[in-house]
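For reference, the structure is listed below as structure tokens.
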Amino acid sequence: MMIHPVQIQELLKEALNEDLGWGDITTQALFPGFISAKGTIFPKEACVLAGGFVVKELFSILDRGITVTLHHEDGARVKKGELLMTFHGDGRTLLKGERVALNFLQRLSGIATLTSTFVKSVEGTKAKILDTRKTTPGLRLLERYAVYQGGGQNHRFHLGDAVLIKDNHITLKGGLKETLNAIRTGLKPFSLIEVEVKDKKEAMIALEGGADIILLDNMTPGKIKEAASLIGNRALIEASGGVNLDNVRAIAEAGVDYISIGALTHSARAIDMSMDIEPVRPVDRSIQRPEGTNR
Amino acid sequence: MMIHPVQIQELLKEALNEDLGWGDITTQALFPGFISAKGTIFPKEACVLAGGFVVKELFSILDRGITVTLHHEDGARVKKGELLMTFHGDGRTLLKGERVALNFLQRLSGIATLTSTFVKSVEGTKAKILDTRKTTPGLRLLERYAVYQGGGQNHRFHLGDAVLIKDNHITLKGGLKETLNAIRTGLKPFSLIEVEVKDKKEAMIALEGGADIILLDNMTPGKIKEAASLIGNRALIEASGGVNLDNVRAIAEAGVDYISIGALTHSARAIDMSMDIEPVRPVDRSIQRPEGTNR
Amino acid sequence: MMIHPVQIQELLKEALNEDLGWGDITTQALFPGFISAKGTIFPKEACVLAGGFVVKELFSILDRGITVTLHHEDGARVKKGELLMTFHGDGRTLLKGERVALNFLQRLSGIATLTSTFVKSVEGTKAKILDTRKTTPGLRLLERYAVYQGGGQNHRFHLGDAVLIKDNHITLKGGLKETLNAIRTGLKPFSLIEVEVKDKKEAMIALEGGADIILLDNMTPGKIKEAASLIGNRALIEASGGVNLDNVRAIAEAGVDYISIGALTHSARAIDMSMDIEPVRPVDRSIQRPEGTNR
Amino acid sequence: MMIHPVQIQELLKEALNEDLGWGDITTQALFPGFISAKGTIFPKEACVLAGGFVVKELFSILDRGITVTLHHEDGARVKKGELLMTFHGDGRTLLKGERVALNFLQRLSGIATLTSTFVKSVEGTKAKILDTRKTTPGLRLLERYAVYQGGGQNHRFHLGDAVLIKDNHITLKGGLKETLNAIRTGLKPFSLIEVEVKDKKEAMIALEGGADIILLDNMTPGKIKEAASLIGNRALIEASGGVNLDNVRAIAEAGVDYISIGALTHSARAIDMSMDIEPVRPVDRSIQRPEGTNR
Amino acid sequence: MMIHPVQIQELLKEALNEDLGWGDITTQALFPGFISAKGTIFPKEACVLAGGFVVKELFSILDRGITVTLHHEDGARVKKGELLMTFHGDGRTLLKGERVALNFLQRLSGIATLTSTFVKSVEGTKAKILDTRKTTPGLRLLERYAVYQGGGQNHRFHLGDAVLIKDNHITLKGGLKETLNAIRTGLKPFSLIEVEVKDKKEAMIALEGGADIILLDNMTPGKIKEAASLIGNRALIEASGGVNLDNVRAIAEAGVDYISIGALTHSARAIDMSMDIEPVRPVDRSIQRPEGTNR
Amino acid sequence: MMIHPVQIQELLKEALNEDLGWGDITTQALFPGFISAKGTIFPKEACVLAGGFVVKELFSILDRGITVTLHHEDGARVKKGELLMTFHGDGRTLLKGERVALNFLQRLSGIATLTSTFVKSVEGTKAKILDTRKTTPGLRLLERYAVYQGGGQNHRFHLGDAVLIKDNHITLKGGLKETLNAIRTGLKPFSLIEVEVKDKKEAMIALEGGADIILLDNMTPGKIKEAASLIGNRALIEASGGVNLDNVRAIAEAGVDYISIGALTHSARAIDMSMDIEPVRPVDRSIQRPEGTNR
């Protein structure tokens, strides 16, 4: 997926207003006028970058006089200390946007990096890593973009995007079979039906009831393998619940098509990043003579 | 701090719209009409609760017919599996609000719980745990509320709230002394001045330059202790940078007044929580006979 | 699809503010205080109803003292003059909300009715009637809800919802084959690919290039039939462009799965409806005696 | 009337976000980088143009690098296939804005064209064509602009803009005379009073009651003529209700000053338009040799 | 004019959020739970009340448990110390809303009171007191409501509401005659034309040029009288510029129809008002016995 | 304090929309196309300027083709008639922005000027002039900026910014001592406590109860002096209530640290200012010959 700046401008303005408050009083006290400066952002640890275009748009909202150069595209794997972005312009603007820029960049890169680690762990299997609806309120679009940049895929975006029958639906309806019967009569044609089950018995009921995707919830790799071989090619298989870096490969090798992981968006650790700002002295042309000239 | 519902209503409406999308098609297909239901939320691990009032307001926005009972106040330490909230009303509304409610509750309780762990680690010392401006864009008010419920205190809310001279200011201004001289002439009276320093030498310059609070950045407990004893009572001392559960007590014992920790808000792991929804059958009065009647 | 009131409240408030302007000066001049009134809405022509819940929410925003009774559900086929809704409460509020309520109701019922006419025209064939992205800016959710209530189905909601290769993509890319090759390498797995073609030759290229759905654009029923029999079951077939009530059945019988029609939302005629408001006199109990009592 | 871009920017951003959704996945998959392109818009039927400045502002919001040339002013009568606008810039942006641009342009031109047809029908009479408050919620400003561009005039914009006594006011107040008495004491001086009547008898009561404008509602041309000659020059006369292209001239010739028509805005058919996008190949300068060089 | 609550709810929420900030920390520290309280608002000086319904809506937004009683209608002349409103409910809510409520009430009553003083000063003449577009950004609707409650009338609400030719138009167009010629060809029929002039000579040109209303700008009562008698009944006459309580009667007696005064909204002094909050002790029913009962 | 344009853009857009309404019909009728113009703003009375950057941002929102030159910085003391700003560009845009620009500039300069007069009145004493929370709803940030530019200082921005115990808190809590005891246990460490008292007796209780700042409310200079000498250096002293230009120096000389004045923001008279707009004739180069050329 790819986000157009117009889709995040309101969010960026809100974030800036949240951090500017009554104005940046430190910068105001120190720098009464324009101060030519250069800023650089680099990570303090290796990571997968996500959010570069967000930072670019952020500074464009603050001050069109700031030039931003992105040295890596989103989705790139960068090393500790590698130069990510360079800024030129009024140092006071850089100081005002620094924290908000890093807040976006660290969080999104954190999500992309964690996703990428999971994706690597299942390399060679058919399993794809998916996100969930467990995103930060207000940031779903950006967080899913970060998952995508980390090599993951996006599950349904919201409740209208796909049918997913979960335990609460089944309890309220009075049983899995009843639920599947009801959904097939209530639903429009050509909709895929995904059903969450907690063991292979339920999986079989779901399969017979017409499920297109079966979500094995909170099952061990062993149980998943059993269920998966019973299901075979008759439905797509997704595993979810309690997935971590220790067990994700085993789950993938158990034969699932998808593994969805809430932690990608609700518990990713932010990547540590810094922005350095330094003055750019105007060039003193009187001393820029070629070596060896005699004057 | 305490948040009034009117301060978060817009955020909650946005979060609901983000998750409702084109409508909850699963619920619509299954339940054509009102279905009387009871919902319960409980944590799958021990935690410090934060966000109960958010969930209450959220369901009140969705449907005034839902009654919400909070069994614990925000800030309470609750055990795994303990009942946190009970809901009664239309099961379809509970299904629609479930994910957004949990997204808020899991995140805020995660922050409160992590904060509380840090607060416990420094118990008995004079050090207070502070948050930073490293919050999720758009959620600063709620995340700082969670830090407060976890026993932490709130650092400056935004750039207008207090003066804090950081390395980038000093570099741009051309040195610590120059910066301190400039700030004292540029600032209104009665403002406190906080200065970030990276060693005891700078700390002494800051002290002589009139700093009221000295922020020791990224220093070891040993270095902090040296700096702290040099500073003594002449300024408040804050430590920051690289603080974790392994070193926080040592830092506290090194004699600082405050320890500020970005991870509280940018890297807290969400608490795992569930919402169970079950039907509430209307009472069958034909079998409700008084004791002692002849059956 | 089903829309929750929280999803349209902002829209309703904007619509009310747009029409209230500097206040309803006619009503203010005539009625200084509360006037007990009853309102009724009925159509001046037979139609399929859509938007009842919108009107209910609208009056709830204006004045919680208004009671609204919906006599028909959205999607119902109603006759000319049949009672649709009854309102009780302050007549001044009914006068203030009347026009906005009707503006929503007439437009949405117009869309539902037109959709329903197309749906009826293809009854007995396998063809489903679809909407398009040719909706009124700001009203897509409601207009698609109206299509759904009229018996139609919803095509992709927005540019992120599905892949659809149109003539402009092909021209920019330099040919249909090139485009299909590029899309297959650029796209994530499990995405369906829909391709717009203008004759059977292109349809065959699309089919060989891996299209899952082939959109026959602006072709006659005869040409559609030829293309459809060539395609067979190897892809889903959608027809679009120049569809009207005169040719829709022929198109359906030509063997397509879907017929998408922009006119459903961009050119539906509003259903003529009226709201009557009359005073409700307080009951004079002194004259309400049973017949024949002697006083 | 004339609309300044600042008045529609929010609406345009909402419309773009509504259509962009999770990003234009087709364009993203096909074109990884900038692709130089030219776009052209032309109508598939003759029409009166309205909304050119809207399209220009729309693309300026998406991408300041797009140049837009309007070949006709709003209000111009254009032929089928005539070139309306030309765009140059990134083809990906043209693809992203195409549908929203056309949605505005087709609707507004539809309204202007329908208005213009009515205006032509009454040419030579004194009657002016007016719009009503029966506009699409959220689009009143733009739709009335389209009516104006089609040669119509604007009736009151909202409930605060003028006094108009309608049947519901009269019923609630208990009679036409009572209403007129009440309005004259309740109203500030210098306000014009318009009264809706359903026959010549009511028209006379309205006239005696001091109405400045008399709105003849749902009357035949014959009845209108009778009423109009009774009223003479003592009040302005407006006709409304059931007006269509078949009867509008007869109504105009019956001697009214204004004819107001809800269908202008609630039932105008969208004008069919297309946007063509083609690549602009960079000039190959190696073959651009001056005439007469030796080949 | 009369404002519906839905027209000011966004403004009230913004005002509350502006004042609540990070929560009312004083109230939170003092009152951990509900405290039953009574609040009263009274003016510290005689005034004309405006804004009662604003305060009522404000507390309804904060807490539906607060009951608000308005003892006077907007527009009432009240004495110093007279009871204006009574509130019952949670004392903590009263403390949170107090300042915002008074900020609205003091400002609007200040405008109504100043307007009323001007209106009284011209009593017995035909002159009406008008407001101008010199209102506080964002508050025009409420400020004009206050002018209306003070007995004034409302001039055009905005630039689209009426034609008013001012000195800058004339200068840009190259002369008064040229301007009047241009406006008559550019304007739609039935629009009134108001022209600002600075002496009687210009007034005559305006009159001959077809002005319906002539605005005598910054002229002395003597000059106004001369101009007014030259104009006679051929146009409405408005005076503006430099109007104050010392000269307003003389201007009115010079024979003008309207006097417009920017100071009504841009320089009205706020009325001093207070809100008193006191606890309401729960009634101890054990001691509420009728006198003389036997214990 | 210093405000970044991003913090006021929404407010400016709202203000423009409020004044543009249905478009500037006068300007539209007079000037069909671009008209090159120069605008100038100057005050009709001496004042302290505030709001220049607001006007600059306002015109940049309307039309990027307008160039704005500010001849004085905010905070400058300017004379009657002195040139404040010059504008070049489309005269139609200048006409559209004129009123909103002046509405901001006149109000903010009014506040800055009144503040400056108070500041001058206490020159030579230690007293600082403070604003209050008695600001115009929605404009607090800008109004406090104006106070700052007038030489005043800013009191707490909102209820979350500092603790201030007022009479209503004390009444609700049941006494000053009880309140101070409660606040000290309820409050986080390092918070300053300000207490409002109405005589020296209460001042002493507040002092003993641990107040850091004592607010002497509505006391005469004589009473203030007595209280101030009793308090001495043990707390900061603020005076408020009934402060005006006649008594402010006496209050300052009574020995207070701060004087807070609601009138600065709720009752400042707007500064009278004008914007002149004149055409800029294109230079006729044919007559621009160097002096002394022979024709």
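In this document, chain identifiers A, B, C, D, E and F correspond to the written order of the chains, with residue numbering beginning at 1 in each.
Basically, contacts are C-beta pairs under 8 Å (C-beta built on N, C-alpha and C of every residue); 3 or more make two chains touch, one makes a residue touch a chain.
Quantities reported herein were computed from a predicted structural model and do not represent experimental measurements.
Counting only chains that touch, the fewest steps needed to get from subunit E to subunit F is 1. Under half of the residue numbers found at the subunit B and subunit C interface occur in both copies, marking it as a different-residue contact.
If you compare C-D with C-E, the chain pair joined by more contacting C-beta pairs is C-D.
Distance between chain centres (mean CA atoms), subunit B to subunit F: 35 Å.
Centre-to-centre separation of subunit B and subunit D, using mean CA positions: 51 Å.
Residue positions 1, 20, 22-25, 28, 96, 157, 160 of subunit C are each in touch with at least two other chains. The part of subunit E that touches subunit B in the complex is made up of residues 13, 16-17, 20, 22-25, 28, 61-62, 96.
Partner subunit A is touched in their complex by these residues of subunit F: 1-4, 6-7, 9-10, 141, 144, 154, 157.
Of all residues in subunit C, only 11-12, 14-15, 18-32, 35, 37, 91, 94-96, 98-100, 102-104, 106-107, 110, 133-140, 157-165, 168-169, 171-174, 179, 182-183, 186-187, 191, 262-263, 266-267, 269-270, 275-279 touch subunit D in the complex they form.
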